[in-house]
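The letters A, B, C and D name the chains in turn, as written, and every chain counts its residues from 1.
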Amino acid sequence: MARIEFPLILINFKTYPEATGERALALSKAIERAWKEVGSGLAIAPQFADLRLISGSVELPIFAQHIDPQPPGAHTGHITAESVKEAGAIGVIINHSEKRMGLSEIDAAIGRARSVGLATLVCADTIPVGAAAAALGPDMVALEPPELIGTGIPVSKAKPEIVRGAVERIRATNPAVVPICGAGISRGEDVKAALELGAEGVILSSGVVKAKDPKGVALEMALAAIGHGGGRRG
Amino acid sequence: MARIEFPLILINFKTYPEATGERALALSKAIERAWKEVGSGLAIAPQFADLRLISGSVELPIFAQHIDPQPPGAHTGHITAESVKEAGAIGVIINHSEKRMGLSEIDAAIGRARSVGLATLVCADTIPVGAAAAALGPDMVALEPPELIGTGIPVSKAKPEIVRGAVERIRATNPAVVPICGAGISRGEDVKAALELGAEGVILSSGVVKAKDPKGVALEMALAAIGHGGGRRG
Amino acid sequence: MARIEFPLILINFKTYPEATGERALALSKAIERAWKEVGSGLAIAPQFADLRLISGSVELPIFAQHIDPQPPGAHTGHITAESVKEAGAIGVIINHSEKRMGLSEIDAAIGRARSVGLATLVCADTIPVGAAAAALGPDMVALEPPELIGTGIPVSKAKPEIVRGAVERIRATNPAVVPICGAGISRGEDVKAALELGAEGVILSSGVVKAKDPKGVALEMALAAIGHGGGRRG
Amino acid sequence: MARIEFPLILINFKTYPEATGERALALSKAIERAWKEVGSGLAIAPQFADLRLISGSVELPIFAQHIDPQPPGAHTGHITAESVKEAGAIGVIINHSEKRMGLSEIDAAIGRARSVGLATLVCADTIPVGAAAAALGPDMVALEPPELIGTGIPVSKAKPEIVRGAVERIRATNPAVVPICGAGISRGEDVKAALELGAEGVILSSGVVKAKDPKGVALEMALAAIGHGGGRRG
């Protein structure tokens, strides 16, 4: 995970129109400006077809939104670790709540990502699932209660016990795994609250992607993370 | 898990013709005769449509082969915990290699089974997946290398290090979970080898279902388990 | 399709608590009383684990809610055509909106059902999907707009043009296929409206399953179908 | 389908290492040289992450290997019609045998592709499935017996009756749909045989991707198509 900095603020572009193609590139550049001002912590997860467009123009750490467990070969329509790595990704989201995978598929996808040097962030919807994900040995596990995703109600304020509980269970299961949280994060103070609960980063989407001033929101979040004294693992 | 005895020898009927409908009933009665002779350890997992036929005629512990994570309601074609419980099952296999489930689905299915009092056995194909399954807190985790299933090459002899490693990882992750193993088990000595490696039971299918003398094979396995000094948890 | 009578009123038990186990049996008997009074048209689709319980006690035509495309064999947790046939089903619902299947899986499931003599009813959510389903050659195709399922707003009154359009496209694509419709059907007049639009039957669930007087509602529907002069194909 | 020429020779890059990233670009340029010599008929289907790399450098018609039925929005890890269109695709493969989709998903994906102006090619594994696919109204349907894919045994020579039967059923179901075939195509004479059976194109992969001289094979195929007097619809 050479280039991934903590606390991590990972902005997932999903398949939003505001974050597709040329608009994804413009959004990436806006986030990059915030990142350069603060000097740490922001990363993005664009769509597959936009990875190369963006990686060729910005220096931000880039995650793919998913990979399939299949190796290269006769697998039409699949996403290999190799293809996103060569297109400029340094990490990958696995098992997002909108792209759930089988337990054994997650295990296989982590192995495939590792084989090409991609950092792995596995999403979980409950504390036991977070522990199970940690047992598989990815680099990061992100706890995201699905009912809060996209609501603007931050998990770090609405359900602090879930974030704290997930951080504890993830660390107890596998101390090498970095706990992250997400869902409803849209302001700097949401990030601050998450870090105070022990998370080492956040994952969010509409809070930045659909903001009137994406650069401003990204900057606010990055400053909140810095203020918290982040960067320990960086 | 009131009525489940250890060491457990769980015979999965899959959807074999030899283990469907009236033939499933005859097979169950043959296995029951072995069970009554030895007095412990055998259990069966028939098809959904046969659960009631068999539970009404034999006293063997019965598992369902799968449940879905959905609660009762508008879910046409699904298998609820309630329906298999009322049909006579006392346990359920979850995430068999031939019926893989999503990580969050496994978590939800365990919760649904528990809510109606069904014991849960989660299958795993690798040691990390076994540890992840254990983190979800089922009653049992069964390690089955898919490449050996149905081969007659017993995992307990061909890959002892995998059984031993799985037993260790499962216990370390969650000491309340009972480790089981499976794949290629077809003789009493395969059962004995599995128990010597620390497993508290085996799961198998064709070794009994397709045997010329199913009762004889089941008896040989049950005696091997007894000889090993099983029944500790019973 | 020896024993399936038209106009068909197929009552899908889904996995409702009111239609599980002993309650499913009581419900089946109530529907059977209506069927015997009128002498035609009603059929039921209980859960897998209840097929044998019900087929042993009532004479109503019974459908399974789903089958998998796999043949008998090493397919843990799957539903074979053979298993539901032997448990008493004479037909099967395929591709219900709550249990969607792949296009090639539907083709294979129709073939499997036919090989054991089960009548096939394929569900469709749009007119083109209804035509595609008809091209596969099942016995019946049921058009059900998913947005009306379970609402009590009958497709036959709220969207008559969809029912009429589906009937036309299904017949034009394959004249051997019987067109059915469903979604929101809860009264006799909804059935009548469906038949007037050219459908030869309806599929429904909560309208009877959750009725205070299931026998009364089933009777009202069967009479409405008779009043329409049904039974042409019977 | 402004820019798609018939007879069509569509080369699917799958996720082969020889057809990923920079190697995909080199392969595309080789195929483009054959295309420019002959002046018609070749097209390619690269991986998502490579679409933009290739569309920026070659003039060949480009297909995506798959799209999901979901519209733009909160769908992490999905492939929208919009994203592949903006990245340079003019068509899309739907329901490849290695990426099977639900019947209703195929219907929805065709609608999504059409809404952005992508041509649609739906794959089918049997003649009835080909007819069902045609009923959905895509631009093209490709019949590919899965057991021949990747074998080098050409469907057009090994199973001519399947190609002829599919062409007839597809045309009878929907005369606006262009019938294509595939599986095992690796030489010019395989293409010629397919066209003589009534197909208006072929889809293939390893025959060119894994050839020692991809440009030579592509050229041989394009010349065979020309020799057949293709280009009727172009």
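The rule is simple: contacts are C-beta pairs under 8 Å (C-beta built on N, C-alpha and C of every residue); 3 or more make two chains touch, one makes a residue touch a chain.
Just so we're clear, the structure is a prediction, and the values are computed from it rather than from any experiment.
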* **Same vs different contact residues, subunit A with subunit B, by half of numbers used** => same
* Round to the nearest whole Å and give the separation of the Cα centres of subunit A and subunit C. => 45
* To do: Let me have the rounded angstrom distance from the C-alpha centre of subunit A over to the C-alpha centre of subunit D, please.
  => 35
* Structure fact -> Two or more other chains are touched by the subunit A residues 97
* **Chain pairs that touch, as defined at the top of this document** => A-B, A-D, B-C, C-D
* Tell me, which parts of subunit D touch subunit C in their complex? -> 95, 97, 100-107, 124-126, 128-129, 131-137, 173
* **Of all residues in subunit C, those that touch subunit B in their complex** => 12, 14-17, 20-22, 45, 47-53, 65-66, 70, 72-80, 82-84, 86-87, 93, 96-99, 149-150, 205-206
